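Here is the structure we will look at, set down as structure tokens.
So that you can tell them apart, the chains are marked A, B and C in the order they are listed, and the count of residues begins at 1 in each.
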Amino acid sequence: MGDRRRSRRLAAGLVATGLAFGTAACGAGSDSAGGDPNTLEVWTRSNPDPAATYERVFAAFTKKTGIRIDYQPVINFDQQLQSRASTKDLPDVMINDTALMGSYQSQGLLKVVDPDSIAGHGQITAQSWSSTVGIDGRHYGIPYSRQAQTLMIRKDWLAKLGLKAPTTWQEMLSVAKAFATRDPDGDGKADTYGMVVPGSAQNGYAAWWGASFLWQGGAKIVEPDGKGTYRAAMDSAAAVDTVTWMKDNLFCGDNAVTQPGALTAVTSTATNFQDGNAGMYLTGPYNIATFDQTLGKDKYEVVPAPAGPAGGDVLADGENIYFGARTGKTKQEQALAAFLVSPEGQKLAMTGENQPVVRIPVNSTLDAATVRDDPRWSVVQKAYEDASQQFPNAPDFAPIKQDTADSLNAIFTYCGSDVRSQLGELNETLDGDLKDQDLLK
Amino acid sequence: MSAPVIDPVRTTVPQPTARRSGKAQRTTPARFDTALGWNDRPGTAWGLRILLCAIALAVFAAPFVAILSGAFTKNASGSSLSFLPHDSTLLNFTVAGERGIWDYFANSLVIAGGGLLLQLVVCTLAAYALARHRFRGQALILTLFMLTMMLPEEVIAIPLSLVLGDVPVVHLDLKGTVWGVILPLGAWGFSVMMLTEFMKDIPDEIEEAARLDGVGELRMLWQIVLPLCKPALGVAGVLGFIMIWDQYLLPLIAAKDPTDYTVTVALSILRTDPEVGSGVVLAGAVIALVPSLIVYLLLQRSLVTGIAAGATKG
Amino acid sequence: MTATVTTPAARGGRVLTKKSVVPWLFLAPGLLLALVFKFWPMAKGVWLSFFDVRPFLGDKWTGLDNYTRVLTDHRFQDAIGHTLVLGIGQSLGAILLGFVLALLLEGQARSLKIVRTAVFLPAVTATAVVGELWRLMYYPTSDGLLNSGLHFLGLGPVQFLDNPGIALWSTMAMGIWIWAPYNMVIIMAGLAGVDRSLYEAAAMDGVSLWQRLRYVTLPAIRPALGIVLTLAAIRGLRVFTEVYVLTGGGPAGSTEVWMTRAYTLGFTRNDIGGASAASVVLLCVTLLLTVTVNHFRKRGDVR
């Protein structure tokens, strides 16, 4: 008898649990942390060190306006964002790469921004503002920090070999070969390389690094046609010439021009410049602090990137401030953005004992070199202002970048490849990507 | 000689477990102690064994000497990796410590300890049911447990993150708590599968004998079945600890802020941190592998200590 | 009370007896945890594979669209070959090597304990770290660890990870290195349970070592071997972390496996529906494989 009762209870329990799961699972929706109108939830993708800088900036903001900041330095940014998006509860403010704007906007995650609503918007240049325009012509982000690539080069090696910093592709090549063959570190061993290249296809690095060369060769990856649509442009003569030049001279010719394993290296593994066995590195300015520490200020210098046939344009990128859609805290978000782009906010983010989070300030009243008391930064600022191009901000550029990286990586790996036909295939793939986004002309 | 397939489980009569005390109570000579019949006497077999062991050491352990040396080297990198540190320094460990590795380490300890306990309890109970009872749906349940191991983590990551934020029925938010990491790991298909296999191997006669004595289910499990499964428990313990210790995606999903991270997450942060060299990452790796090693050492005995020769398992 | 377990069916009962409820009680905690934290998210994941996943805007039903896209994508198709080669090669290599190691290092001696602990080190180290280590060891010039060893033997430096023809095998080597000690541990547990008196009996019958191994040891460790084989079936095709940390799928996609492709799809291209579809395909194949392995195990079971 007791058995039957017990077993019935068990069965009932199981059924009830099953039902409860079913209903409860549908009604789920976490209690949002953003109930308080006077608190903003801010996300950045930051390691602990730069996170400390952000905390200082936000503390100053809270002191000034009384609006509290719930700051989350998120490492697993995209995944967390997706799961928050599922619960329709987005963070109020996000600071992340410029290149992500297209992706976020197409997912509906961003609020439209009216530049006039941000106090002090006039201090941001038109060039910077234009980089936050989405597909429909409206702004979806506020510029926060910018940077452009410049060439870091070992000036002690140049001095030893009696060379000058290169200003053209050809000069760059001969300097690289000299670094690789003429023992610039004087240790009697053939252990030096010309140039560091993060050439892996992983995360699109090959395209990120190679973009500067494409711009300098007069090529573009995708081109807007002025009517809101785009078309792939990697089959142009300029693109074919540029990629062929890169393949023949950097990867398939003299092997010591680039570091070993260049085609499988990402930036965190391509440490040869700071390790002291490569002479040149075309990269962003965030490495300056690291290089100062590992190499020493006196050993290297920052110069503009060598120019190609069509000029010296390099890749520019940076971070934007994004407002989460439908958070209902527009006024507070605008106040934060205004503070972040103000001279005070930008200076706080550029200085201090932790890693700075603003490289080139978007606030045009500030000069990076003056704020940091370091003239090398003016090279970077000049490069950004006068000779740089960003990836197109309106499309979701991630798949385009990835496909381009895959193709470039394959071309450089298989030295016998036919550049023209491979770029032709890439173009078809890119057209497909654009079509998926309804952006194909 | 025609070789009948000897069923090692059925041919002898059950006997009470002999108490082992090191080598003293051996009932069979040394050369029957192992499958290949190694013995301690010097000779070609012994020499061959030494050589093979040396090769095994070189292949499996030598890279760790490289890790150790890299952890103590000032500017470790691919081109300078070797077996002896040059520029030896404790700097890498200091830097790792500055980055909070010890706090993450503590998190990992709590999660792995608690998680292993939960896992062993849950999986032993489940395995006992699957191995020693007959009921409808048995094969299906086992397959279901194995199914949990088949789906890649990344795919269930986002739905799991939602569940952790709002557990069905009880509406708990497990994020930021150790339970958020421990509970999803409780039912590990591998543990269930392995314990079931080893429990199945126990001869029915023992169980029948115990039941005749009126032993209830829990006592049966605790006093009869489990002691006979020591090797399996050892494996489940070691591999379970390691599995939990090595979790990366789950602590990341369940964390509310960076103080909740475990040491594996910390390692990947170190790896992508541009200011930190390979040396610091290797130092972090050394710190991270010590607990698993200790657990292995502690459980090694149960891993290789068979039930006494000539006893029940046969 | 009978000494043998009888099934409710045998007794013809519709009644839930104490006997038949008990196993479910024991299974309850495990099933509950698995249900909430594994099956429910898994079902959600499978569900998502039929949608164009847009978490904020609302998912759009696309039926089998994701599946078609994934199965006709030539990069996924290339990945199938790599996955099979890597999965099978790694699994078999690790099982074989694990078995050899277990046989070699079986025993109580102190020195053996030390060797076993040292050999087990790959299994206790986080995969990401192992990947980092091997990446450093595989350094392509003659300064690299492995290359300097080859140099010592008079062989030229090998581009382990940069040569598209070799990269897959380099990854497989690392995979075997990680999993062999793991298998060793499981097989040793099996070896520990073999009745020593059988060895004695075999010796008395004049059986050679090789025959003893084949006819006594192997059948005795069938459960352990079954486990490693099943594990190999489950994990083999799922191979991801090793490739991801070592090569990221490169160079030029020569080490791209199914899950690295799915990962790229999901997190670089934000196509979660597609990634889910790819994972479900893998799930089905793995399920099929596991069921097949189990089937053959049961067929070969003496019991």
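The definition used in the following text is that a residue touches a chain if its C-beta (ideal position, glycine included) is under 8 Å from a C-beta of that chain, and two chains touch if they have at least 3 such contacts.
Remember, it's a predicted structure, so these values are computed and weren't measured experimentally.
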### Query
Given which chains touch which, is the overall layout a line, a ring, a star, complete, or other?
complete
### Query
Of the chains shown, whose Cα mean is nearest the mean of all protein Cα atoms?
C
### Summary
Relative to chain A, the most remote chain by C-alpha centroid is chain B
### Task
Would you mind pulling out the distance in Å between where the CA atoms of chain A average out and where those of chain C do?
36
## Note on the structure
Taking each chain's mean CA coordinate, chain B and chain C are separated, in whole Å, by 15
### Query
Quick one: chain A and chain B, Cα centre-to-centre, how many Å?
40
## Note on the structure
Multi-chain touching residues of chain A, meaning two or more other chains, are 17, 21, 25, 79, 82-83, 86, 191, 261
### Query
Residues of chain B that touch two or more other chains: which are they?
77-79, 158, 162, 168, 271, 278
### Query
Of all residues in chain C, which are in touch with two or more distinct other chains?
24-25, 36, 40, 135, 139, 141, 143, 267, 272
### Task
Would you tell me which residues of chain B are touching chain C in their complex?
1, 3-9, 11-12, 23, 27-29, 31-38, 40, 49, 52-53, 56-57, 59-61, 63-64, 66-67, 70, 76-82, 121-123, 125-126, 128-130, 133-136, 141, 143-152, 154-156, 158-160, 162-163, 167-168, 183-184, 186-187, 190, 192-194, 197-198, 200-201, 208, 211-212, 217, 231-232, 234-235, 238-239, 242, 245-246, 248, 264, 267-268, 271, 278, 281-282, 285, 288-289, 292-293, 296-297, 300, 303-307, 309-310, 313-314
### In the complex, chain A residues that touch chain B
17, 20-21, 24-25, 28-31, 47-49, 51, 72-73, 75-76, 79-80, 82-83, 86-87, 191, 261, 267-268, 271-272, 275, 277, 286-287, 289-290, 293-294, 355
### Task
Spell out the residues on chain C that touch chain A in their complex, using ranges where they run on.
15-18, 21, 24-25, 32, 35-36, 40, 54-57, 135, 139-141, 143, 159, 161-162, 164, 247-253, 264, 267-270, 272
### Query
For the complex, which residues does chain A have touching chain C?
3-4, 6-8, 10-11, 17, 21, 25, 78-79, 82-83, 85-86, 88, 90, 103, 107-109, 191, 200-204, 260-261, 263-264, 266, 269, 325, 396, 398-399, 402, 406, 409-410, 413-414
## Note on the structure
Counting only contacts in the complex, chain B reaches chain A at residues 75, 77-79, 99-100, 157-158, 161-162, 165-166, 168-169, 171, 173, 252-253, 257-258, 265, 269, 271-275, 277-278
